[in-house]
Structures are given as C-alpha cells and as structure tokens.
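Take a look at the structure below.
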C-alpha cells in the first residue's frame, strides 16, 4: 500500500533511529548520575527531533494521501481533512 | 554525586526505556508502511511521554539541587535559578 | 476575496475578542499584584485558547484554500502545501 | 503584598499591552478577510510572546516567592515547589 511518506521512508527511518539512540543515551546519562540540567537539555533536543519527524510525516501526508483524496473528491475528501485536523491538534497541543 | 532525581532514578529509567520502545515501535510501523495518521498519533504519544520525563526531572531538580543552593545562599543560588529558567524556556519553547 | 474561514468568521472573531479580554484581565491581575501562579494559570489558559484559534484557522484553510488549489491542480497546489506545512511547523514549534 | 514580578511589573505590563494589541490586530485582519496563513503567522507570534511572559513570570516566581519559602524552610517550601511544578507542567503541555 502506498503511504504518504513512501518517498522519504529511509529519511524518516534514519531520523527515528537517531532519536532512539538519543533516548538510549539519555538513559545512560541517568545511569551515570549526569547533572539534571544536562539531561533536560538532551530531552528538549529529542523532543524537537521527534516534532521534526511529525512535521515531515504530516507534510507528506498532506502532499499525498490528502491530496489524492481531494482530487478524487466525494465524502472521503472531507473525512481526510477532519482526520488531518485532529492529528494537527494533537501535535500542537503536545 | 547526588543528583536531583536520585530517589526517582528507577522510575525515570523505566520511563525512558518505555519511550525507547515506543520510538522503536514507530520505526517498525514505518517499515511496515503503516498509515501516516496512525504513526503521527504514536509520535504525539511519545512526545507527551518525553515531556513527562522532563517535567519530573525539572521538579526533582527544583526540589533538590535548586533547593539546596537556595538554602546555602550566595551567588550560586542565583546561578541555579538562571540555569533552571533557561531549561524551562527550552522546554516550553519545544 | 474568499478566505478559508469565511463561514466561521463570526466564531473566530468572537474567540479573538474573548482572548483579548483574557489578556486585558491578566494585565489587571498584574496591576493588582495578583499571586504569580494565578497569573501563570491564566496565561496558560489564554495560550491554549490562542492555539484553538490557530487549529480552527488551519482546518478551514486546508478545507477550502488548499482543497481548491489541489482540485485546480498545477504548481500552485504544491506551493499551497509547502506554505501550509511551514505554518504548521511554526505552530507546533511555538 | 510582594509578588515575584514586583521589580519587573512595568515590563510585564508592557508586554501584555503589546500582546493585547497583537490580538486586536489579528481580529482586524479577520474583519478584513486577510489571507489565512498571514493570520496564522500572527497567531504564532502572539503565542510565542505570551509564552515569553509566562517564562518571565515563572523565573521571577522562582527567584523570589519560591526562594523565600525555601530559605524559610518548613512544609511551605515543599508546597511552593509542588505548586510551581504544576504551573510548569501546564505551560509545557500547552
């Protein structure tokens, strides 16, 4: 099945792998009793990286899945927009 | 060295391990061409979990590191506050 | 000119008027030396209300402006998506 | 009564007045059917300005109210920390 991020799959995958490594690194910092503020800064960095993935996935979703539904028309176009809006709301509010 | 999160170290560690698992799971979802919006929702959930870790670390930092510096007094107390403020700003803005 | 929020103009207008009143109220709280945390909670509430306006405007923008550009096709469709993505990024990152 | 932001009261007041003007300006943009994305960018700017006020108020609160409670000691010190943490959580999550 085609998904919105098909063309950027490797890039998304690499970003996620990097974030997974960041989180694992933060865990090690905790193990080693690293100073709180240094850990907090890494948590902020990982949070921003995760938002970056979300922004990319959302952009790809609009460019492909939502785009196709709109061109096809019908009730599914509206549903796709509503669904995208709820996803955007969850991102903005988190 | 004592760090602010000493008493909650296991809890912080477990939360981070769970988030690492969430990120790995999101990577698998990408591998399996999972629908964009389902992935986005997992990214939002992981972002919120990461913010939860930050809020806990910050609370422990204020309760212990900043608290002790304030009771001890001197210029270090002010520095600790400035440093905490910058960490809070980074969190609020991310 | 038709804008995305045309049908919800009164609603958006009323929300903004209410937020303007919230900000004015926060100003009065400052004048009256209200306790910091009570003010902070009002600032959080106003921030959430403002995000609510953004989410509504964005939803209307996707449903109308972006939708029409996509149906019309051509390079403008892509430009509209890029532009919407940048607006979403600004919102998510603020 | 002394509040945390006493020394910066004029500055906080001015920032809030400016934000109130920003929100009023956004309302006028809606009246004049301004393009959605231009309005969204102003909403993002106002949101960031509001977060700036929150960060300042929180910093002043830690520097003064929480600081004094910590130096005084007793159960009130812990309560002030818990209260500050809840305010930080509300900000980070909004």
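Labels for the chains are A, B, C and D, by order of writing; each one numbers its residues from 1.
In this text, a residue touches a chain if its C-beta (ideal position, glycine included) is under 8 Å from a C-beta of that chain, and two chains touch if they have at least 3 such contacts.
This one's a predicted model, so the numbers in the text were calculated from it and none came from an experiment.
A.B. asks: Among all chains, whose Cα centre is located farthest from the one for chain C?
C.D. replies: Of all chains, B has its centre farthest from that of chain C.
A.B. asks: Could you figure out which pair among C-D, B-D or A-C mirrors the A-B interface, over half of its contact pairs being identical by residue number?
C.D. replies: C-D
A.B. asks: How far is the middle of chain B from the middle of chain C, if each middle is the mean of its Cα atoms, in Å?
C.D. replies: Each chain reduced to its C-alpha mean, chain B and chain C end up 28 Å apart.
A.B. asks: So the centre of each chain is just the mean of its C-alpha atoms; given that, what is the distance between chain A and chain C in Å?
C.D. replies: The computed centroid separation for chain A versus chain C comes out at 21 Å.
A.B. asks: Using the touch definition from the top, which residues of chain A touch two or more other chains?
C.D. replies: 48, 51, 54, 58, 84, 91, 93-94
A.B. asks: Which residues of chain C touch chain A once you look at their complex with the stated criterion?
C.D. replies: 48, 51, 54-55, 58-59, 62-63, 66-67, 70-71, 73, 77-78, 81, 84-85, 88-89, 91-93
A.B. asks: For chain C, which residues count as touching chain D in their complex?
C.D. replies: Listed in rising order, the residues are 1-6, 9, 12-13, 16-17, 19-20, 23-24, 26-27, 30-31, 33-37, 39-41, 43-44, 46-48, 50-51, 53-54, 57-58, 60-61, 65, 83-84, 87, 90-91, 94.
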